[in-house]
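You will see subunit A twice below: alongside subunit B first, and alongside subunit C after that.
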Partner chain A sequence: MMDKYTRLQVVGIYAAIFVFLLFMLLPFIEMFMTSLRPLSHLFRSPYTFWGSDFTFEAYSKMWTTVPLLGRYIVNSVYIAGMVTAITMVLVVPAAYAYARLDFPFKSASLSVFLGVNMFTGAVLLIPLYRVLRTLGLLNTYWAMIVPGVAFLIPTGIWLLRSYLEKIPRELEEAAYVDGASRIYTLRRVVLPLAVPGLIVVGVSVFIGAYAQQFLFAITFNQERAYQPLPAGLFEFIGYQSVNWNEMMAAALVGVLPVMVIFLFLQKYLVAGLTAGAVKE
Partner chain B sequence: MADMTVEAGAAAPTTMPRRLSEGWFAWALIAPAMLFIGVIVAWPLAETLRLSFTDANLGGEHWVGWANYQALWDSSPFAQTIGRTFYWMVLSVCLKLILGLIGATLLNAAVPGRGLFRVLVMPPWVIPIAIGCIGWLWLYNGHFGMLAGLAQRWGLIGGPFEFLAYKQSAFYSAIVTDVWVGTPMVSLFFLAAMQGVSRDLYEAAWVDGAGRWYRFRRITIPQIMPVIVSMALLSAIWTFNSFEVIWILTQGGPRGATTTLIVDTYKTAIGNYKFGEGAARAVVIVVLLASFSLIYLFFLNKVNRKYGVK
Partner chain C sequence: MATLDLQNISKSFGAAKVLQDISLAIQDKELVVFVGPSGCGKSTLLRIIAGLEEATTGQIVIDGADVSGAHPVDRGISMVFQSYALYPHLSVFENIAFPLRVQKMADAEMRKRVATAAEILQLTDKLPLKPGQLSGGQRQRVAIGRSIVRNPKVFLFDEPLSNLDAALRGDMRVELSQLHRELSATMVYVTHDQVEAMTMADRIVVLNKGKVEQFGPPMELYHHPATKFVAQFIGQPNMNLLSGTVKGVGPEGLAVEVTGGTVMTLPVEAGGTRAGDKVDVGIRPEDIGLGAGLRMNVNVLERLGGQSITYGLLADGARFCATLDGDAAVREGEAIDLTVDPADCHVFNANGDVLRRLKAPELTR
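This part shows the complex of A and B:
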């Protein structure tokens, strides 16, 4: 058959996949290996890849070295969760409008949203800092939530719109014929059908929100108690010594929440994310 | 409001009022998101433009006209920074596209275990960039990191090598990390595009005796070209704006070797509190990216037409 490979080809494919995955996973391997090394072993020359003194000690000691570590992880999840909730509330109606309705300035306003993708927070930091100061949001959770939402709205609208376009129109038309209002149709007919799409978009917004916290955190928030993990991790640097092994352990533990969510939903996520992009 | 519009539409089913009310309803749905973007993105953008004509700093601000731009125009380090940024972008995007294409092809190969491989490619994209970069920071450590350590043991290098301490090696190390961050997403989109290519095309070519390489070159590549072209633009924008990778690895050093426009802007505005000068740099970024995107979109339309995509 067409797809049949010779044995040599199979070996070649596996070898190439191995190299590719090794590159993708290299930092994680290094982080894990480093987290297992006791500090004394860590700064030992010459380098040894494997040591007999490897322990999981760092995973318990890290909580006392940086007492707020648990809090940072919770903060990260909380900030990402709030960003996701607010983004979804804003994105769902807008995406519906772009998917179904015909109105003046439709494509122009969509380009405005998509144009936002061109800026990262870094370009707008100075005035954004002032806006947040005026609103009294600096050094609060909101300092990280509000800009986070703004930069995820465009992607959210884009993804959800292509999902909503695939829901058959007939159901909505049937509801209109029965005298349902537009809001009622959106709430009771469209949204229940869109649940799988909402999950995909929600999860990708959550992942995006979890990933983008660093810049907003180091710029808009000085309050240690509100710091998310990516910024909080740098506290392992600057105590008496740099506890690299504990920092790596904390980093690995800190990404567990997103990794777990990702692993459970990856199948839908990957399919949903790419569906919109590939269709056109 | 929504109920009224539907009643009006039902009572007098002419097209005009109905369309009008649809327009109002649509804008009511979009307004909250638009308002949010307006306050958090559009207004700061306008404010950046205004600030770029001032000498704003912690002390206050005065109108200085084009002075900030004049200073940038006259500054040769800034010209170097722009050159470096484009080099950074072109090199990194090319590598991402090539690796993404190779990765997608590998992950598309019909071999057992590919479901698992597809999941294993994703972590760099799923986790916060800042955290991945901490891993790279240690990998690049000249004395205790895995790269220099193993290279020493295998006799590839004579002594410790600090990847991030020298201008050239720091730049290319940062590129490698940036490519690492961006490749999974590119692979994923290419993979999805490849799966969308009709099998009939391949079978027809196969029946005609076309080999794998020929099918890849003459069917796969042209068929997924629109996705390649749009991914190239997206990742060019992201790469141009890539901040965290450089900031965590080198903070723009050593001696400016990894200072791209975005890092320069951040350093000027947030690091040195020169808000006005920083804003001028931000405006330069926006203008460069916008013109780059427009030129590119023009090109994209041509490509799409050539490959028969609407």
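This part shows the complex of A and C:
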């Protein structure tokens, strides 16, 4: 009864979703298939989807081909995690200020943030390199964390600000009338109510940090022990051959911990924590 | 002991003058209701008293001390918001205890205070629940509970009942009046519902376009509305207004010719009114009875049981309303003759100011 769609429309919608998902997931499927193939099969023509000699061998061999692989995965998560943590610490008060306080150049500075966001890190690599060299941060974890934080703050502020603006102002006024300071109100009223928003922003910052670390890693860091996974994958490219199957296996394994975290967080994103705050 | 004086309060938002020169002296233990149409500045005035908004000019004086720049807590006020403003992630207990936690009150004392408040408001068994699990009336009580634990000098309410349905609103109205008596506290209550204003208030402030139209006890506003605006705002259904012309001024009052050429002698103070002036004659629907006088074509008849409310048009096309007996022999589409005692009529001059009635009933309390 509640179905707004006819059977034909439902079929259409599912077909569209299927095509869309196919586009998104096909590379991953191909990655997975590649990781199972022996190297000798990789360039065989005609293309065969499945072969009898497919094995999971690459998943064990990759650890010996690139001995630091485990370290790279940990580095990746560490760098993205640090970037997320620092970004959130900076973004929360900033977004709150943009959502609630009045100060000169408020909307102008917000626009500037959005403008900065339009530059990709690539344009600013050389100036950034000089800044990091001056600060003595090249070839440390900070070389990848600091620019990551800088580039993610604007998005974080924009996302979180719009979330905080939806929290009823009267809740804060009530707290103010009852004698609570701004910080106390932020801690006891605003942030608990903003948890779903904080998670959304945290997740998108983490994904952003994960994606952009490659660029910063290959330009600002030569220290092998600090390299994140995307840069570490280069080591599968040998002098004579590229171990494509092991590289794909490593990439999949590297993404795995992140996927697990997100699946776990998903249930928090759905929960509506603001129910009952004010009468709608 | 808490008196609240507003002295020449004005407020502008940019170019918009929202409140203009408001002065009110509210006495200890008084329940004063601000009424007025939407946008007249009721909430703004309340927020200025609370300290959530700063007046452009003027002072707020509580118990003789100028608190204009003070924090709400230092003013000794507490406020109940229209939307309840409960913290959805905290239990009822924590919601009520919030102001005490802010003060870092000792645990035992805090528990005692919350328990007392919960008992007054019949919330004792609801303390562990979250606001989302409560009904509208219970949520409203939690909001009130949060405002009473702090023992403030002055309670402020901004349309606390407007989100409740009619029946619950009636109940809560009685509960709030009772609470006022129990706490014997000074309260300021904002509403746009004139029934709430009439039933709860010791004195009513009628606001219109940021100005005080009248400040007085409910029955005084009813019998002696100072302006046409107050006359039409207080009373249900609204007062009828007939335009008339003054024919003569005498010791008995004004001789006024109203619609259809009828001349009535209305016992009011003439003031500066002279023959030939235009006036408005106000007649409350409930002061009207059947009998020779005004002829009205009944368009709509509402039988409420105890009363029948008739709406129609007079001979000259003016809209008119009369409240008759429940069983009055009236039918939609028919004409009826109506009469009114001249002593019950209100007369307003061209500025909308009242000419004081000479034979109005004594005010009772």
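Note that the second predicted complex is superposed on the first by the 237 of 280 C-alpha atoms of A that agree within 3 Å, B and C clash if a C-alpha of one lies under 4 Å from a C-alpha of the other, contacts with A are read in each partner's own complex, and residues count from 1 in each chain.
Everything that follows uses one rule, which is that a residue touches a chain if its C-beta (ideal position, glycine included) is under 8 Å from a C-beta of that chain, and two chains touch if they have at least 3 such contacts.
Nothing here was measured: the structure is a model prediction, and the numbers come from that model.
On the A-aligned overlay, A:Tyr176 touches which partner chain: subunit B = first, subunit C = second, or both, or neither?
Both partners, subunit B and subunit C.
If you stack the two complexes on chain A, which partner ends up touching A:Met24: first (subunit B), second (subunit C), both, or neither?
In the superposed model, A:Met24 contacts subunit B only, not subunit C.
Applying the touch criterion given at the start, work out whether A:Ala108 contacts subunit B, subunit C, both or neither, answering first, second, both or neither.
In the superposition, A:Ala108 contacts neither subunit B nor subunit C.
Look at A:Leu193 in the shared chain and tell me whether it touches subunit B only, subunit C only, both, or neither; answer first, second, both or neither.
Once the two structures are laid over each other on A, A:Leu193 reaches subunit C alone.
Where does A:Pro168 make contact in the superposed view: on subunit B (first), on subunit C (second), on both, or on neither?
second
More subunit A residues touched by subunit B or by subunit C?
B
Counting only touches as set out at the top, which of subunit B and subunit C does A:Leu8 meet: first, second, both, neither?
In the superposition, A:Leu8 touches no partner, neither subunit B nor subunit C.
If you lay the two complexes on top of each other, which residues of subunit A touch subunit B in one and subunit C in the other?
176, 179-180, 273-275, 277-278
Under the definition above, what is the set of subunit C residues touching subunit A in their complex?
Residues in contact with subunit A: 50-52, 71-73, 77-79, 81-89, 98-99, 102-103, 130-134, 136, 139, 146, 150, 163.
Show me the residue ranges of subunit A that touch subunit B in the complex, using the header's touch definition.
2-3, 5, 10, 13-14, 16-17, 20-21, 23-31, 33-34, 42-49, 89-91, 93-94, 96-98, 101-104, 106, 109, 112-113, 116-120, 122-128, 130-131, 146-147, 149-151, 153-154, 157, 176, 179-183, 207, 210-215, 219, 229-231, 233, 244, 247-248, 251, 254-255, 258-259, 262-263, 266, 270-271, 273-275, 277-278, 280
List the residues on subunit A that touch subunit C in their complex, please.
The touching residues are 168, 170-171, 173-180, 184, 188-189, 192-193, 273-279.
Of all residues in subunit B, which touch subunit A in the complex?
Those residues of subunit B that touch subunit A are 2-3, 5-6, 10, 19, 22-23, 25-30, 32-34, 36-37, 39-41, 43-45, 47-48, 51, 56, 99, 102-103, 106-107, 109-111, 117-124, 126-132, 134-136, 138-139, 143-146, 148-150, 152-153, 160, 180, 183-184, 188-189, 191-193, 196, 202-203, 206, 226-227, 230, 234, 237, 241, 243-244, 262, 265-266, 269-270, 275, 278-279, 282, 285-286, 289-290, 293, 309-310.
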